[in-house]
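Which chain is which? They are A, B, C and D, in the order written, and residues in each are numbered from 1.
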Amino acid sequence: MYGKIALEEAWAIRENFKAYDIATLAPKGVIGGDLVANLLDIHGTRLHQMDENGVDMMVLSLSSPGPQGPANRQEAEDLARLANDRLAAEVSRAPARFAALASVSMHDPGQAAEELRRCMKDLTGFVGVIINDYQSAGEDKNTMLFFDRPEYDAFWEVAEELDCPVYLHPREATPLIFDQMWKDRPWLAFSALGYAHRIGMHVLGIVTAGVLDRFPKLKIVIGHMGEHIPYDLYRIDHKLNRARFPDMPMAKDKLVRDYFGSQLFITTSGHFSTPALLCAMQEIGAEAIMFSIDYPFESIPNGCVWFDNHVPIGNRDLVDIGRNNALRVFKRLTKWPHMLEERGPRECGVGGLGLRKGAEGEVEHGLYNRSWDAREKHN
Amino acid sequence: MYGKIALEEAWAIRENFKAYDIATLAPKGVIGGDLVANLLDIHGTRLHQMDENGVDMMVLSLSSPGPQGPANRQEAEDLARLANDRLAAEVSRAPARFAALASVSMHDPGQAAEELRRCMKDLTGFVGVIINDYQSAGEDKNTMLFFDRPEYDAFWEVAEELDCPVYLHPREATPLIFDQMWKDRPWLAFSALGYAHRIGMHVLGIVTAGVLDRFPKLKIVIGHMGEHIPYDLYRIDHKLNRARFPDMPMAKDKLVRDYFGSQLFITTSGHFSTPALLCAMQEIGAEAIMFSIDYPFESIPNGCVWFDNHVPIGNRDLVDIGRNNALRVFKRLTKWPHMLEERGPRECGVGGLGLRKGAEGEVEHGLYNRSWDAREKHN
Amino acid sequence: MYGKIALEEAWAIRENFKAYDIATLAPKGVIGGDLVANLLDIHGTRLHQMDENGVDMMVLSLSSPGPQGPANRQEAEDLARLANDRLAAEVSRAPARFAALASVSMHDPGQAAEELRRCMKDLTGFVGVIINDYQSAGEDKNTMLFFDRPEYDAFWEVAEELDCPVYLHPREATPLIFDQMWKDRPWLAFSALGYAHRIGMHVLGIVTAGVLDRFPKLKIVIGHMGEHIPYDLYRIDHKLNRARFPDMPMAKDKLVRDYFGSQLFITTSGHFSTPALLCAMQEIGAEAIMFSIDYPFESIPNGCVWFDNHVPIGNRDLVDIGRNNALRVFKRLTKWPHMLEERGPRECGVGGLGLRKGAEGEVEHGLYNRSWDAREKHN
Amino acid sequence: MYGKIALEEAWAIRENFKAYDIATLAPKGVIGGDLVANLLDIHGTRLHQMDENGVDMMVLSLSSPGPQGPANRQEAEDLARLANDRLAAEVSRAPARFAALASVSMHDPGQAAEELRRCMKDLTGFVGVIINDYQSAGEDKNTMLFFDRPEYDAFWEVAEELDCPVYLHPREATPLIFDQMWKDRPWLAFSALGYAHRIGMHVLGIVTAGVLDRFPKLKIVIGHMGEHIPYDLYRIDHKLNRARFPDMPMAKDKLVRDYFGSQLFITTSGHFSTPALLCAMQEIGAEAIMFSIDYPFESIPNGCVWFDNHVPIGNRDLVDIGRNNALRVFKRLTKWPHMLEERGPRECGVGGLGLRKGAEGEVEHGLYNRSWDAREKHN
């Protein structure tokens, strides 16, 4: 599919590496090629691979944990400002191909709102904001600030006012929690499992705290095919038993299910599973799902080949998930300087028996193997 | 789901029974209650069951074969006119609950267009037209007129001009074909199999003849979950090998798949199968699917309970398939005298763990059995 | 997946070409490479492609219509015998890689049974029988002999006695039917649609005639993902209304659905559609489905890449559909001279994130695109 | 479906209530009827509802946390022994309808193995063992003993030797973790989310620690549709990057996916979601899934109506998931004193258009609403 938009795509600045131990980044060769180089690059390898894989637009964000990492407030705020200024400059070099999610320190909700306003009003290229789970705080870095606390309404209010979707992205555990639960099985602590646990709890905390009710135009986006939530939606809603939990602030006549597609959205970042996508479509609907890759922690061609060739869904759903839904949620992508427009299946090269150029008269040949008689080297 | 719209719903006039042998109608008790009485009724039992089952609107049409039955042209044209006048009168008694598909004789494409124009311009309540497969002709009733022949462009042109969707409905075989293929296994000749065979061939004939290319705003609707086509779409498109069939008129750069959702639509009439619906959604997309029942050949509550309670799809897809898609295809339903509007899941009572009134605080109780401890008598 | 078994794979002898007009065979280049050469070949290109695509075993059969084509009885019987003798000889050259379905003339049920007995008892390499829809008869070739007629019990009885599965394969229409229905749209007459119509009616005729009830160990196999039947199973069973059709001979307490997996089976031949496969698995269960290609009318690598890499189903279902179910249905494949055995996912190279050799330590790399950064030329 | 077996069904003794604060149990009316009474009952209401809902057998276990609750070793061991003796007595009153999972303290792996041996060898009615997540230990109850630690091989070894499947059941967080993560959003702390987080990490810890490799006949069962794992299996396996985590002990040539169906199994307890079940079937296969309810935390009729009437899967898969798989995993159910046997769809009343008695001649009537014209009061 041509014209794809990808939303959870990381980028880094060397100053961010100071915020966490660069040694925790996978060394060269362990995740794809050179992770550090790929994080720093925008207009080189990344753009080349976007071209090769039908990705029109990448919405970039500072790699996790970003400003959520520093337990020191000043450090966090400085990092956010620095990253936002740098990203604005990078995006302005190719605004038809790149846009930005703002970074904000969440130590102080008012300051976060202020920085968000600065990005959305004074800088160009910002279409939303990313928050990497809880804000670290406290001297021992074990304090977790969660944004379902009432004091963060000051932030949500401004995000809603600015029509600025909030991407909630995972991060690692605090030292205390890591020691308690993960240190004997560190391979589970990060993207394999721990990430989804922590951010899943946080986003459900925000929803059940009534944030989406108090700010009915607020939009929240989560990655990784919904951080387990779509699969468990029946059970989650069933067990949020109002008789048992009369103090739960979420609207009494709504279920978590009801927010998807209007205020809650998921992306496919880093979870290229067809059964999971089909399950999510049945539970929350195609209108709540958007394509993403999670580059450079995931391979651009692997994610795109999956989406372009392996996903057995209707043409319209494909282009909505691959492109149009992103324009409906991140509306700034349709405005200057990005100026992206919705497209139909045909304009995206979707149709025929699959994605291909010059399909005329080619119906007979294979959808799965272009050559009639030789198995193409693939997988 | 409240607010459903049903599109393939039969009605009859006693004069129509003359057109075919009333003995071929199932006797009392064989199909539901009293088939003849149910066909003749509109504002009694039918409306009551609509109320009980959340059906806002039934789009009525003369029962098959209607004017396609009489091999005599005059007889067919007279029947169409009579039925249209009668149906206009019936609909005008409750235009918020009923609308009409026009009947036309297809002996002469020009006359069919004229009668269609009369219904859509001079009468009220018509939102589309229904054609019951081929037109019988010839003295022995064995001639089949198919509308993929070039002379029928005169009809398609007017249907497009009037923005009048064409519902292609099945009918029985000619005597000759019946004798050759079905007479030793008559139980397969009708709705179990033969109907889908004949109308499936006809609609694919129309598409591959390029009718939808020549009239790019024309919309065609077929019932019974697509008359087998969505399941076989890969194979159909794969085997419509342009190298093998260079004379096939359909646009060379399109596949049958590409017309679904913009010019081709299906309904669920008479095929309340969840696996089939899920397959259709994957192949042609929710935007190409509309709810229907096929009353009184099918039970209203059976079709509605299936759709309301058994279909495991997202809220938005449910209300689009149940209601909104019909308003996008049959646009006249949104105009005077029907004045229907699109609705969201909440307005349709969709959400929560299922369809129910007064859901507040009821999350804990069962989605499938309202009583906690007693199995409700059902199935 | 290594170790696949393919069941509906055509082969021809030059003498068979006389039975139908060779001009109706697609010329060189229209279907894959050289159709005539591919039909005649067994141990060359075919075996090479089997090796390259993980196909252990092809069960070969004379290309359609085989002996069902000649309206002349003697001609049909001679062709069957000739083809069977030739195929036995071919299979004996590589019985670990090839097995045979017997061909039989169906002019006379007793003679058909006799020839079947000869193949299964006196010759080696036969594991089942193939019948290409109806038997042509009559001087004008318009007579269709259908095997749901009571006189064919003589044949079914012997097939059951020999534990010989019967593969029911489609064929073209009679001249009369062709003229009535297909001649204005010939591209629909064959594999795109007409094949499924005719054989679908025939197999449902056989089931509803009670053949499977009278011969409870008889097994029938149909190709092309079930010739539309799984998608429509709800409707078929619903409409085989016993109150309406009290004379239908099928067991009164059974539905068509109930025969799948024990007496009725389908294969994937020529219909490499994931939504259709998922629908079939939901309706009839994985135990009723077997892999097949339909070579040389379909491309071996296209069918195999689909099955190996694109089908999102569990490991066990994959190897059952790809191999083990065939051994349970065609039991002779487990006997001398074929000696095939059931295998688990691991033995078939299934597991890990996909099919690959030497998976150790390769989990990180992509399932869909082996290279991390370059999009492989595929589709 | 008649003949269902349910595996994760709680029962309690008054002495167990001492182990945790009875006030944490939902008061009367909050979960179904009277939770305390339902936990204490076996042969009354429970059996009556089993009869009414086609449940042949309930495998009972002491309600969570059972012996995993007491941080004091002696207390935990005493509770296990007491519960096991009591449960043996209860089961012996109706061994055709009830069987038992043993409870064990996991303070000491050797003692746990000993108690397990006692249950499986000296007592009757035990078919497996249940462990409620981590073992609480330490004076402040904040120590969590996890069974992926090498010292627990002593326990796994005996479980394997006894062919005793281990059901890993969730429990609540330690006070420390609760304070850190859940106390501001307690509605998420238990069955809505926290349970799955904790037990999901534990079971993946056990698998990635190589326990299933060292004990290749050991079987582990988890409830709640797999505690999120099937949905995320692609991502989990993809991110358990051996290059990044060279010290992970699990077999280098296997993925988590590969254990399902032979050593890892899930049940449907408390998660009656069709999209989730379909997703699980695609990811791990029907052979890895077993029916369960989670009574009395869930309603028996709600779970059974879902499984009997709403699940759109093949007949064979239905009876395997509903009954037969349980007999293959918990093999003691087929032995004295339980003597259960595998059944086919027909023996379970599965087939026809749905589950019903006396289906003869009833094909016409509705699958979803038994009455033709009145909507049955249901939901």
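The working rule: a residue touches a chain if its C-beta (ideal position, glycine included) is under 8 Å from a C-beta of that chain, and two chains touch if they have at least 3 such contacts.
No experiment lies behind these values; they were computed from the predicted model shown.
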item: Distance-maximising chain from subunit C - centres being C-alpha averages; value: A
item: B-D against A-D, pair bridged by the larger set of C-beta contacts; value: A-D
item: Whole-Å gap between the CA centroids of subunit A and subunit D; value: 34
item: Between subunit D and subunit C, distance of the C-alpha-averaged centres to the nearest whole Å; value: 42
item: Centre-of-Cα separation between subunit D and subunit B, whole angstrom; value: 46
item: Residue numbers of subunit B (touch at least two other chains); value: 30-31, 234, 238, 240-241, 243-244, 272-275, 278, 282-283, 312, 364, 367
item: Subunit C to subunit A touching residues, read off their complex; value: 30-33, 45, 49, 52-53, 272-275, 278, 299-306, 308-310, 312, 354-356, 364-379
item: Contact footprint of subunit A on subunit B as seen in their complex; value: 234, 237-238, 240-244, 252-255, 257-258, 260-261, 278, 281-288, 312-317, 345-346, 351-353, 359-364, 367
item: Sites on subunit B touched by subunit C in the complex; value: 26, 29-31, 142, 144, 146, 148-149, 174, 176-177, 180-182, 184-188, 190-194, 196-197, 200-201, 204-205, 208-209, 224-225, 228, 230-236, 238-241, 243-245, 248, 270-276, 278-279, 282-283
